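Let me begin by presenting the structure, written as structure tokens, before commenting on it.
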């Protein structure tokens, strides 16, 4: 590959080959210096590693925070397996998967040179218990750990009252679970919630404005919401203790809220190096890249690790045949096109995307994942007949108004359903409130009689549990930020979930997950749409670029810029 | 008229025509006007509203944009012809050789500049002097036109002056460069009688002092009688009678002039029971009657066997310096005036 | 009858008028129709946060006069002296600040608009500006017919017929019922305004500068029309004007105003022949005479300066700042309106054309005046001689 | 002597109406100022062109189903057979413009742009007109009341206008549109949304009309014909309705024609910010907002609605300007 | 003068109070009327999967269950007397005038405003300079050459300027000028004091785009005003004095034409300073407009209230300054 020397940043010349960063490192380099510019078109919801949930934030936070375990920074499948970070090794289970013990490396330092201690990790986990302060992160710890009644360190200053984590010494962290859980290492790996926070440095909610660094970079001044911030190398970070990170750029600039089109434009010219969100470029840039061989060679089109699908709400459309009619009538071809055809992804057959461990392809129950499949009017009408609504019915479909692809999907579905008499009222909501207040709020869904909507999901960790549980377990339905907008509360599925916890063998568990997947589809609670592919662009000046399969985007912790 | 020669008179206007092209047609505001004026004399122009008095005066001043106004004829000022002159040449004459006073002094002065500044400005375009000198001159001029404490008032704005004072200031501004020709377009119409009397006195005094020629435009015959030496009666853009004031008031020869005199209630005569108005209203200047413009309103038009309707009367000398445009035989008119009109006045 | 367009014939009103002229006008002596006593209007000048009144424009400051049935009272004075304000107060378009207005024996000073409404039939006004007094969006028919509609009057032959009769009365072509004001000349518009005024057959018409916006030739037409109508319809006029010649022509009695006060009021002939107040004198002598022969012979009185501001009128005799006869007393004592000759009142310490003892009479009156003011009694008009 | 009735063409103040009336000497029937303005307007070719465009637009919008039947495809039908699945662009050049698809195809779904533009005119014009109507109703009512009664009523309304003018209308529109329920007041879906939009836009733009009306009323109130009416015993409602309002028609008309395009643009801005009309109802603003995202793939998709908005707004502006000149030639 | 100022200031404060009340009403009462419960309102502040306790906690902190007047009272009290916010670990002092604290971004609204104002100020002032210069000169030239080719062309362009949505012109110019033709650097904000050249070059495009719209408007207004002024009697007087035409236009006509434009300019400037929402959004400039838009879309009420208040303040201030300037320019106003 080309090492750069191409400073005008005007094109993708010498950018290697198409998909050249998917399974190997593109442009490897150890050159230091330069400014790495990363941008995102929305705002960053939080830079507090304990208060973030997006795949890209977990990727991003590794630049300035280390955590107990992490995904290896390597191309290929290897990146999906948990690897030690602050810990010396993976956690060791005891007590029938109810106790997990981690040993810490010694001598790891924060940005001010003080050492990272076990208590800091305990404190970091403890603070995730206060959902009033840290509202955005996952809540696995507070659900799983055996710490009944603990309210978090902000209300309860005495950390000894937190029994879910024990620190027998400065270098040992022991997690105590309520129930046995086989995939606990994955839980620890996937989020930044085990990134250590010294109690003295914590500022509660405001910690996100300037997180205390343990990684290769530290924040220079505060992060400014809606605007961005900057990072500089952390002198106390030691490369020898950390195989998963590099410290190449002399400065990292983070720009938030850059208009999406403009972001792409600047990315293509190399004025910006990374689109933080990692979901790929917009339509305009897509056509530019695909039509210009030079640009195309600087891009990758890997699976993004997530899937786009349509949850069908079982409360508002209680009759399963009515839901099946929707699935039968759906114009899969148009819905697939909405995401950009082959470049946007592959037609989905199951709820779980292919990179989930042990996932099976599944069978199309009431639809066909085929290019050119426009829906089956006859089958749909028959289903309607069975449902008792031979002339169709009308319901509301929601989508994120600032996402053109979702709008196109909704329109495609609306158009094809109209052929069988099902009338969809489309309503768009801003993405920033969509998953919390509208589609993610069962009361709102009930009030507005929302029948279906667009949705996308990324695995917390690459197993069926990490993908499916949050979106299909009846217990996972919450009043706001609900990730199960189908509101599927199926006895059979719920039982399967409970059962899966007790199974030790991962392959055995995967079977159960596949069963659940199949059941969701035969209940027509989810209409699978597309396994996403992202069209990622890597400006020629970007070095050490490779696709991180766990995040479904380039790995951020090793990037450098060629001057 | 290629062989036009410079006249001997100070101001001579020959066959002046000024028209405006409008959406509805050509407005012939001035339609063949000829007159002359000597230094030190005052010409009063009277006529009804819309008869072309202001257009004439603005035409002489060269204040019409040549694109909008169609102008022809000749205007000779002190040996210079103005209609054919370049706009810049005429501009240089304005203010210095000819100046003008307008009817409404408030709207005619710039509201944002002090009275002094406006006089200074007028003075300095034509005289290469410093600000201080010009200001002294302005104060001096304000004093000359009878504004008390001119050194203070010079820094006032027009709206701080009373109506009479504003008109005085306008006069000061017009006279600041000793113009040889002063055109006053209804300078007193907006003023009260007592103030009007003051302004008229002022104009008279200033004329004596500067020996300038004055054109006094008004529709008040009284004002003309007080101030003018000669009179020009305009009707529908044409001159219908030109005479000395004595002739005009004592021996008027045009039915329109009779009408004007008959319409006026007068303080100096016994109160007549009825006024004698002219019937009808002035004609549209787009469709002026072909013949005598006054014929539709003229009580004596019938005496002409239709000539008034078809043929345009020329200005003809009926006595020394007395010219009238009427088809009626002079003798007949004299008779009518003496037997029919005069007794009723 | 054919209202000839070419104008050889005369309108019917003219014929009537000629006949009526010499029949004599019901001069003064008719019963009083309108009585105005000490009427005044002070416009508050406000400033500051609470819109506190800081001063007052003393537009009209206590005027009294009587208008008798059938006569014409002329009200003259310089611009801003309060003529219009007086007229508008009488019309009750403005609320008087003080004083009393009696119309046909009824006190109408503070009648509510609702109570005023029926009285408006008898009390009408002609406005100064023929361009602004007619609504440009209404047809002549609507304008002239408005009084019928507003007063709820059923017209026998229908409103249209009634309007057309009125148009004819003022010398307009009744066929122009459907035209709009902009299609008429100034004089014609003024006629339309007059027709509207006449619709309700009022007893009293207040004409505020009815001809000052018109050209002389047209002015004469309208003046004649007003006179003819008065004879024909038995009208009473209060004519406001600043043109002394016009007032002399149409008024029977004339009141001269200066700065919100009446300084002299007298019979027309008396006033023009022998004015007593120096201001009246000055006014008369300022009028330019359309006769070049008289230019030299006249001895003129030239006033200095302008009318002072009604915001801060001079004390005592308001004319003293411009009066050439003014003495110390004029700045101290306000001269009351004193009837120095039969039917001729004036307010001056040193009147002209007056009996020899005038000065003492005025001083005497001023003294009683001061007493009355002190006791708060209404101020009488001082009638000195009753030997009439 | 009575004046012969004759229309004079030379009034002293050079009254425009009088001058004009002087032309048609023979025509004796009353010609209102409105008709004269119409005459004058007819001579203004540019304004006429604007007016013709407006009328055409209205006709097209009203007859949209017919027009589309004749010249296009149903506005919501997909034609993805002509769309490249990966690029989302029409496969034929010029965005697929042809006799079949006059304005080409929408990228992605391949809907007929022509029929979407025709149907979109309905939304744009409806919002433009109705919102303006709301503004005119409120603005005129309050403006006249403020101007006529003066005093504290005037102060109050004038303050209210200040408040409204100081409000960031766009933000409120977004906030309000965000909470519109599905059904209310017997309306549902887009109908409700449009009703709310119309109301908000109208409700926040009334001060523009209100100010003008108030100013005009203030000066009209001082005109003598109002005094004349009062002196004949007219009450306030009569004066407002019969004497003042007819004189306000002209300025209101002019400012309405100028407010309509503003409101059309406002709808476009809302669509751009994602709170416009819901799909699949076509609206120019939302088409343009969508097109911004695909201008490289389908430049015609930007040009077509952009031009539609531009032409419409331009037509209204030109017509409004012409109207103003015709009704009030001094304002040129 | 002092009395005038005091009166205007009191009026301004009253205006601000009313505006804050209406804003408050729209953002609290309206959602309530539309059926949004205080729980829903609270959950908007609560991130991805809030527990009921979270919602409860937020509700309590905001006092969403209190009557609206009390909530409003708190808001006003904070402005006047300052406030403090418990962020869970620390208590943040928010000194008066405290416009509230955004729980969404964990910053004091005042700090954000202070951070954003320079951006909007730079954008608007730069654009204003351009549009006034261009608009006025084009308008004057058009008026003087009324009916000429220049006049027609200028007015056509002006109409185009008024007829095109700003996001349309903005995004297209961004694509072509910056990205396709590389004529200008990408649009961004660099503090003026750091590097004035960079500041200007990175803002030229938004300036021009914004100015295009307004220059068009001002050209039309100036032209109309100029045509009217040129008919004034005092212009005739100036010419009668023999002044050169240039002096007549610049000293006499222009001054009178521009004075009434000042009022409109003040209002426009005030409105824009409160946030040029569309322009900022189009060019990704982080000014007040973008902040308020984020606030509205994210239901970040304190931010919305804060930006609306600042916007109103700008308008009020602009009007006040215009009035004062008016007195300086127009002596008739000064003396009345």
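A few comments on the model shown:
Letters A, B, C, D and E name the chains as they come in the text, with residue numbers starting at 1 for each one.
In the analysis below, a contact is a pair of C-beta atoms (placed from the backbone, for glycine too) under 8 Å apart; a residue touches a chain by one contact, two chains touch by 3 or more.
Chain by chain, the UniProt names read as follows: B = Peptide/nickel transport system ATP-binding protein; E = Peptide/nickel transport system permease protein.
Small disclaimer: the values here were computed from a predicted structure and weren't measured.
Fewest steps needed to get from chain D to chain E, stepping only to touching chains, is 1. Shared contact partners of chain A and chain D comprise E.
With centres taken as mean Cα positions, chain B sits 91 Å from chain A. Chain A and chain E have Cα centroids separated by 38 Å. Inter-chain spacing, taken between the CA centroids of chain C and chain E, is 56 Å. Across the assembly, chain C contributes residues 6-7, 185, 187-188, 215, 218, 221 that each touch 2 or more other chains. Contacts with at least two other chains are made by residues 1-4, 6-8, 11-12, 178, 181, 292, 295 of chain D. Contact of a single residue of chain E with at least two other chains is seen at positions 35, 171, 175, 281, 297. By the touch criterion given at the top, residues 48-49, 162-165, 192-198, 200-201, 219-226, 245-246, 249-250, 259-268, 271, 273-281, 296-297, 302 of chain B touch chain C in their complex. Residues 260-261, 282-288, 290-291, 331, 333-334, 336-338, 340-343, 371, 396, 401-402, 404, 407-408, 410-412, 414-415, 418, 425-430, 447-449 of chain A touch chain D in their complex.
Of all the residues in chain B, the ones that touch chain E in their complex are 58, 61, 63, 91-96, 99-100, 102, 104, 107-112, 114, 121-122, 125-126, 157, 159-160, 170, 173-174. If you check the complex, the residues on chain E that touch chain A are 35, 37, 39-40, 43-55, 57-58, 87-90, 92, 102-107, 112, 115, 171, 174-175, 178-179, 182, 186-187, 281-284, 286, 290-291, 294, 297-299. Against chain E, the residues of chain A that register as touching in their complex are 10, 43, 45, 51, 53, 130-133, 135-139, 154, 202-209, 224-227, 257-259, 261-262, 265-266, 269, 271, 430, 432-433, 435-437, 440-441, 443-444, 447, 478-483.
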